[in-house]
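Encoded as structure tokens, here's the structure I'll be asking about.
Chain IDs A, B, C, D and E follow the sequence of writing; residue 1 opens each chain.
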Amino acid sequence: LGDGGGGAEGTLRIGVLQPLTGDIQYYGQQSMWGFLSGLSYKLDQDPPSVEAAGQETIEGEDVTYELHIEDTQFDPNQAQDVATDLVEKEDVDVLFGTASSGSARQVIDTVTTAAEVPTVIGPAAAADITSNGEYCSDLVFRANENTAMDARSGGRYVAQETDVESVFIMAANYSFGKAVANNYKEVLEAEGIEIADIRYVERGYAEFEGLFDEAVDSGADAVIGGFTVATLPQFLSTGLQYDLRLFGGFATLISNRAVGGVLQRTLGEDFTAQDVRDAKLGPFTTRYHWNQYDNEINDWFVDKYSETYGTVPDLFTSGTFTAASSIVQAVEEEGSLDGDDIADGLKGMSVTDTPKGEGGYTYQEYNNQARSEMTIADPVPTSDEWADYWDATIMPGEPRARVSGEESTLPADHPDMKCDL
Amino acid sequence: MTGIEPALLAAGDAGPVVASLLSDLLDVGTLVGIVLGALSKAALYVLIAAGLSLIFGLMGVLNFAHGSFTMLGAYLGGAVMVVLVSSGTGPYARIALFFLAMAAVFGVMTAFGSAVEKRLIRPIYDRQPLFQILLTFGVVLVLDELVRIVVEVRGMQPRSDWQEALGTAPGFLQNTITVAGSTTRGLYMFEVLIGAMVVAVTWGFLTRTRYGLYIRAGSEDSEMAQALGIDIRKAFSVVFGVGSGLAAVAGVMLMWDPRFGASVPLSTDALLIAFVVVIIGGLGTFRGTVVAGLLVGLFDAVTTWLFHSAYVDFAGLPEMVMFLALVLVLIVKPQGLFGVEEVGGH
Amino acid sequence: MLLRTSGLTKRFGGLTAVDGVDFGIEEGELCSLIGPNGAGKTTFFNLLTGVLPVTEGRIEYRQDGEWVDLTDDDPHETALRGIHRSYQITNIFPTSTVLENVRIAAQAHGGTDAWKLHRNVAEFEEYEAEALDVLDRIGLASAADTDAQNLSHGQKRNLEVGIALAGDPDLLLLDEPTAGVSSDGIGQIVDLIEDVAADHSILLVEHNMDVVMGVSDRIAVLHQGSLIADGPPEEIRENEDVQEAYLGGYDPEGTARGDSEPVEGGAGA
Amino acid sequence: MAISDDRQSPDARSGDVTERPPAEEGEDPTSDVERGGEASADDAATAERSLRRTLSEHRVHAAVVVAMGLYPPLYQLLISTPLGAEFAVVLPPVRTMVAVLYVGLFAMSFDFISGYTGYLSFGHSLFYGTGAYLVVLAATGKLPGLSAGTPFMGLLLLGGILAALIALLVGTVSFRLTGVYFAMITLGFAEVAHVFIRNWDHVSPSPQDGANIGGDVGAFQIGVPGVDTLSVGIGRLVGDSYENLFGTGIEFNEAMVSFYAVGAVVLVSYFAMQRIVHSPFGRVMIAIRENEERARAIGYDTYRFKLVAFAISGFFAAVAGALFAGFRRSVGPSSTFDLFVTADALLAAIIGGFGTLAGALYGHLFHEFLGGILSTESHGLSRYLRENLPPDLLNAEVAGVPLLDVVNVLIDGRAELYLGLVFVLFVLYVPKGILGTIRDRIGGTAAEHLPGHVRKYFRDRR
Amino acid sequence: MLEVDDVHTYYGESHVLQGVSLSVEEGETVALIGRNGVGKTTTLRSILQLAPPREGSVRYRGEELVGLETHEVARKGLGWVPEERRVFSHLTVEENVEVATPAEADVGAALDRTYETFPALERFRDKEAGDLSGGQQQMLAIARGLVGENDLLLVDEPSEGLAPQIVQAVVDALREVGRETTMLLVEQNFPMAMDLADRFYLLDHGEVVASGDTEDVSRDDELIRRYLSA
């Protein structure tokens, strides 16, 4: 572990932008907690317990890390406002955050490029933030996994390891859903799987009967749902009544809770792992869940995190842990607190300390997206071991497969990779 | 702009597309499906709009809090169900509990509606109609935020419908059933039943009591009505209460319906639906509301089918069609389908 | 002739409110239109002013020596041609001041003045002056700054006439201007009508026979939508049809109704 | 007449003294002399009188403008005092004041049509959105025929004209309706546009999230197009800023510069609308509100008046939207075409005073003031309490719940709740809104009557 | 039966009734006369508590009315025929009559009585009252007052807008009513008022300035001349 300085002395001001109030504050909190854990791990301290916006200082030996935490309320406009405030008033050196891709894009366009502040995006997952020329830039980094990585690992696995031949894609009609759909389509087609059709629906859509009928008519044998928690329950509760395989990505506790509720409703209160398999639900890709990795850093992380925050580290935390870890690493390696130097340091960096193991994440030179391993797992009923720290009836089971970072991410020469730094 | 123009996905010229559309449409299964869809939607729309139609039609008060009452009804109904239903409760017991919840919620929300009328709306009857709109709009802000606080603090349902409440619906209603070759849910047919019931009850209230007459008179000229010995305040309270209760009853139904579900945004969704239906039907006519509900339900079912069967690749279509229908009806019939001139001074 | 109708008809569903009326009014004439309740008098006004669409027939108006067809004109067009009316059921701008009620009516006749977005109303003093003048004539000058809705019923009736007077009409249609006005006020209104009639044409609907007989040059009688008589007052008074259809109990000597007689100014019914 | 003069409300006329501008009080000896002179001298005197009158009528306006103008430096000053943290909680920051200006303008445009003609334009966001999207689409080169470099002032004008045209179209069908039907059909139009813009892929890859203007596009200039010295760039990060302007030692940051620039446009727009409201045309608008049937009967083609008023209102709504987009450089369906955007204008207009025009701005100021205090941001009350209350107090329990949780749950970001409450109270007890009530108290518009009252107040004191 | 004692009524700040006192005995018909705007209508509204007096008392059969709600006053047997007609314009003629009929009374009988008094209305039974001619509306307004089974009827300018024949019908109807019902009548048609009423009160500037028996009023009466014909 380093001392957090590496020759540099002084204070590094980091602006943290996450949704910390409202019904989705858990997204922001886990992202922030992951970040705090990463920072604490690097500086050899226990993670502080923080819930709301405010200032938080973590003292390294030579460098003080001053976190200016602001609440985005899951609203792009609010994100823009507070990001601008942080740059203008607090003079932050680095920005970190936003949980929604819409907010991320708005901050990148209106703040990052306008004020030239290096920005580490996380956990916003839309692939195009680091693959579309409009948004990707020398100042924009992302440690967190993205939707393309979900698709490239999960899609390939399903294509190769199951008997699925034709897939019908349903997705939410906005950035997240579109990214999921495009990425799966591309991966699956490359693997020789037929795409029966892609249909986008409004967030919160619930009339899936017609669409599933349509999927059956079109001869599909599996359906991918590109939805977040707002639509997932409706999608699943209808889909489970059809003889179609449903797969996609594992999400956060909130979604697991919702999906667990649907499963209890359809399969009975005490459903078993076999019931889930029979219902043809899964397998799902996971970007990170606490039980998918076995290494010292992850052990420390799961321990300290559960102790401090009362729950196991969730989907977004590994990426945000890594974001913090990489910033400290850049400061140490560059020996500087200057934003530009930190950006230089992050470029192409292989991040040493990550929950996915040492060197688990590497920022790709061509688009500043960190690549990392992904796993494929089945949903299983939550085991007693985790019941206290994972408040949902399902959780990811033992990994069925691991997909390396190289395989999961969009390569530089891919036609969809429109970022060339 | 693929999303917008009703992008006809089938290749080739329009001719074959139209032909295949027609042949698809004339399929018996499809038609049955559309009719079932239309009926179930219509039932919900009428259910949602009935309370607004009553209050608006009789009193001329455009109750912006209508949707919030529906939303409250959904949560209260859900709460009753979640508390009373255990995993062992059988399907018929659940239906019975559902009616119990409906009755309880109707009672509570009728009382609440009357209280709102007495405390807040009564003092401003003699002002322009705008002020009642504004007042109820303020009530929306407060109610929605209060519910949001409770939902957040209790961590009930971030960004989704209230799953626990949805889960209390008996299995046979949740499952899809096949009717003449098209799939639907048992629940949707149940909704048609409830919708018909509410229409009948409202109709009875309007024609079997003198309240309808009293209120129509009172909303035109409350001084005169009072001078004729009518306790117009009480009549207003009763009607506003009953209208609020009906709004909440719709909410109880919606709490089981995965297309809606108990959630804070239900407040706005229900309000807009109720507005559109009541306005298309024409103010002051409950008959108009029922017909408009059927009409919008049919529009909705057809466009949903068009979307599902990939003739139109535009998910916003049903929503857009609802407002397009509003605009078109008003252009053709400036007072709605059955409307008379505007009601009363309130 | 200033205005003429031919075969003017208005039907409301099955009810024929105005039935093939051929009627004309001369320039400078004061003609009264009488008839029982529901005879179609107000409807006739509504047709002349374009408030209601005509079912059949034509309305023509003499303007600058030419006959123009008014049949399909909108209310604002007839008003701008110089045909103004007062309403039987008070129809004013309730929360504007009494002065503004009349001023806005005067302003309507200022050509494009109403479209002058960039100038302050205060710069158009002529309308205010005209309005004050009208208020003087209808006896409401002292109430100029009162909100119109706060007037008493009789005062509102006077304001109703005032609004119609503004903008110097060529033809003034008055619908029961004295209804609800107290005896002294009636005298004032009669004076006003006679004053206006000196250089304007007036078509007057009234149930107050003393007023009608006293001021009219000519009287037309409407019954169930049709014109049943048309002539000078003396002739109408004697006309049997009219007696039967309308005047019924009217007795100019004022003795028909017991012991009291009309007081000065003509309050007898 | 039956009513004798002494029965008239005594103060209705006594206002005369204060009503009459001082220029007419005969203080000007030259004007009497010149009255008989030749026409041109007379004209000059009239012109001078009318100028004086204008000036005196606008004294309150001037005072408000000066107060607003002084706000940014004053704000800077106050938050640097020892009580700075407290001031920061209460006072809206300058960047919020910019929003007050453009949303205020939008609310005024709403009041212009709805408050004066009585037609509730529930779809007003349509025009705001038109102006906003036009700016962003033009700046990102997505509008054919408009180069990315089109001057901002041009875009303001274009957006306004486009919205006015849309208003004419919408109005042509909608003004055959009245009351609630009118409100609903305009809402219908706006919702159709809302669904459209949410799905229009041309806007951005993710139209649901709207579109932004990247940092590579320079700041939008407000001023005289083409004359650099008479133009300033707006926007918080990209706009112009001046250190030590004119050697005053005061620093004008980007938000302040934007505040003045946006303020100038809003001011001009306000005066334009204010003029119209006080013109003969404006009186016709009021007559339509009061009794449209009678307005028609006395000779006004009300349909045309309504259409033109609607177009004017749409024009300024779009200008407001364009200012919004120009300052924030990002637009989204929910911040432009949404029903709740119209609702904001409605709130502002009611709180400020319906049918008072300027009131809408104050109404929105009040809204932002409340929202600022209850905001989750660093200047919010909850943050202040968390940081300044002693920890044991924060952990002390109120009815079994730690105070900290109470703060987090009931204060942090709960502006809606309190705004709703305040709004209900306003509707019940201050129906005429802030400005309307003031006008009632002083018996006329503030511009005309306030100076008189102030003078009288001081005279009485002496 | 009705005792109005020193009533002061205000509209906002304007002091409209400045101490009106009058009384109506059982079975009497009393006329309230005066020029426009003197407060006649306001007096009726004050009795009905539509414009509650700020001072003074209104007693009906010995009971205080001030402080009651209007509908309570009405249910004690006070009926009102307002000026300006005030029919419910979106209700049909029959519905207008039905609204005015007490809950326990027979609507059919009320309608019969209406058409008997005003045959002209029968044709329009299903027409919205707002579409009636002005005079027809006035008839309906009077009918509404007659069917209410009231003991005391407050009638405000019943003859306004009526053709002479109908005025006669109204006079007859009111006289008929006057036999069994007590009546307080406001009427601009001076002869008619004198004809119907037993006694009169003359109002000016919100005060009663004269009163007496209608028998004694002659056309030369100085007082009447001064206050009615200016």
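The rule is short, and it goes like this: a contact is a pair of C-beta atoms (placed from the backbone, for glycine too) under 8 Å apart; a residue touches a chain by one contact, two chains touch by 3 or more.
Remember, predicted model here, so these are calculated numbers, not experimental data.
Common neighbours of chain A and chain D, by the contact definition above: B.
The chain with its C-alpha centre at the largest distance from the centre of chain D is E.
Centre to centre, using the average C-alpha position, chain B and chain C are separated by 50 Å. Between the CA-based centres of chain A and chain B the separation comes to 38 Å, rounded to the whole angstrom. Mean C-alpha position of chain A lies 79 Å from that of chain E.
The residues of chain C that reach two or more other chains are 154-155, 182, 184-185, listed in rising order. Residue positions of chain E touching 2 or more other chains: 14, 35-37, 230.
For chain D, the set of residues touching two or more other chains reads 2-3, 9, 199.
Of all the residues in chain D, the ones that touch chain C in their complex are 1-3, 5, 8-9, 12-13, 50, 275-276, 278-284, 286-287, 290-291, 293-302, 305, 312. Interface residues of chain E facing chain B in the complex, by the touch rule stated above, are 48, 50, 69-71, 74-75, 80, 82, 86, 88-91, 95-96, 98-100, 102-103, 144, 148.
Residue ranges of chain B in contact with chain E, taken from their complex: 210, 213-214, 216-217, 220-221, 223-233, 284, 340-341, 343-344. Interface of chain E with chain C (complex): residues 11, 14, 34-37, 41, 83-85, 120, 131-139, 157, 159-168, 171, 188-192, 194-195, 217, 219, 224-225, 228-230.
Put simply, chain C touches chain D in their complex at residues 49, 51, 74-77, 79-80, 84-85, 87, 91-96, 100, 103-105, 107-110, 113-121, 123-124, 139-140, 142-143, 145-146, 154-155, 163, 166-167, 182, 184-185.
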